[in-house]
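Lettered A, B, C and D in written order, each chain numbered from 1.
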């Protein structure tokens, strides 16, 4: 891959290793991506089925807006349309990371009827971009999982259109997709959410 | 040992170290094996009583279909017949790994009357070989533990004959035995199951 | 920075890395400081918004008693007045560390109406400076969080005046601020408290 | 110190580091020892107040049967008489290790009225020296903590005389003292117990 995307793969490989070590990326679920260009839209995204703890350069694909593979080998992940939808509707997002934890899944299950995990009053919320006060109320919409990726991406499109200020969304019994303007920011968002999921799952037990 | 089996011991030593670090192999319980040949059947298996976190070449035995030791020193593990039974009835299995966690033991205890831990609807199920949808229903049969290895291996034989599509089985108050076509695949199966045990043990609490 | 404060940043950087690894400093919450001089009062304190796991020399500020920046770049953390108040009212304190855990937040929530987390009868209490018996009764006052730093520092002033023998205080839904005569002692205090929070949050569940 | 005891300090230093990393030795509670000689009885034991994760040669004392310091500097730990009592009444013990976990403390609290934590039916019990079957019933006597070391050591003497086959004892709201014929065996015993405490504390919740 070109220089820019090599740097992208390095950053995502490091994020994968860290997430794996913390137990946020066990098995091969989920996928990570970085935006390479907006016009025309090009992504660097993890290929399907790889363990996130030991990604290497061959585990990434470069794809365009139609999920066509421009570089790399392998099958695009089941979450590819989800990533494309987020980049289309969040013009400032340049990275999407994924985490999968028992705390998150259990909490989402408890809050599924409400359609969102709601977090308020915690200092850790200030880890989210633009949040200045712990009194901030953050919603993490919960979307039903589906093997029909197109249908699921339409649902996510609606969620993103309705919820302008969210930093992440949760796919039920799957995991958290969080974005940011940089890999570092997306990573900080995952950290803040996973910490608050742990707090909230203990509180509402 | 010969070149092939040395490579097997290296892979199992690494798996042991990783499992130990995650808290899946505390104490000296359980055993790991790799199939060296099918006809005649030969295994490389951990000897009894060694800590899994610091295995070295001397902690493995090469055994045949009758659990006779062909190479190496030490006592065959109490789980040897269990491993042989799995390899006989699962022609594609080439590696069996073991994990022991509080989440697994507690969950199996809760589900013992049902005879199996049932997992369905989770994205992480797609970490299991051949599973394409989160809607997949996976059963992990629970077998009573016994010091009579022959009796226990007959029970396991029946379980394997009845449950064609399982990826692992659980010995009560003992731990998970998962297999795969490679060490890597068996390891991914353990990861997926241990993650789902954590989720399920929190959900059904 | 000068030699003395460089040493301070090194010690705080190491504490940040350790706290991060244990999951006590996820996201960018909280701040760490070391007293550089008493008269006139000068602090080395973490700047706002940095992750605690990877602090470097550029993430610290040297400030005076009025929170004026003497050296370094960046915004003083929201907790700066809290630190200054502690140093003013605790003449022997030379280091303040911060930890943020689910156990602590949940426990403080349960005890908020009592105004303090009370810990008694545990051997681990002897990890606190001056505590000679496990029968010691330790109070950790819980203070409501506020974006109004001046108001919050007045509340903390009262708490410190009323509670002469405390080793730390808890800001609600935020985290623990613990102090000591050295970085090492402050670190040991955080360790003891976080361990006891884990015990107490399991006991009173 | 002499060659023999230097090797003892190295082994205990390593055990301390490992226990610390797993969260079994936070703060400065507890103490570790190795028997240097039986007649006359000489111990290498950790001095009071040191963190177990970063022990070095200066953190150990060599003491005799009267707890007199033969070599090294520092105050003997509050647990010294407890160690001496175990070595006197368990002629094969050559190492005593200590662990302190939330799971253990909470479980002991629940079982305090019974005078012991009872563990039965678990495969992990076979990690204890001499235990051949998971059906084995292991008792871990729970002793009330006391600042009066002499009184406490008399209670422990009675416990050791009454309970011939135990591998460890628990001091209430303090932690587990486990012994073995080698450092490695004592370490395996701690591992087995801490694992089973985690299982039992989840089961009886």
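By our rule, contacts are C-beta pairs under 8 Å (C-beta built on N, C-alpha and C of every residue); 3 or more make two chains touch, one makes a residue touch a chain.
Since the model is a prediction, treat every value here as computed from it, not as a measurement.
Shared contacts of subunit A and subunit C, meaning chains that touch the two of them, come down to nothing at all. Shared contact partners of subunit B and subunit D, listed by label: none present.
Chain centres here are C-alpha means, and the one lying farthest from subunit C is B.
Because subunit C and subunit D share one sequence, their contact can be compared position by position; here under half of the interface residue numbers appear on both sides. Between subunit B and subunit C the CA-based rotation angle works out to 180°, given as a multiple of 5.
Spacing of subunit A relative to subunit D, judged by their CA centroids, is 46 angstrom.
Centre-to-centre separation of subunit A and subunit B, using mean CA positions: 32 Å.
In subunit C, the positions touching at least two other chains are 205.
In terms of which chains touch, the assembly is arranged as a closed ring, every chain touching its two neighbours and no others. Chains that are in contact with each other form these pairs: A-B, A-C, B-D, C-D. Residues 22, 121-124, 126-127, 132-135, 188, 191-192, 194-195, 198-199, 202-203, 205 of subunit A touch subunit C in their complex. Subunit A meets subunit B in the complex at residues 23, 26-30, 51, 78, 100, 102-103, 105-106, 109, 145, 147, 171, 173-175, 201, 205.
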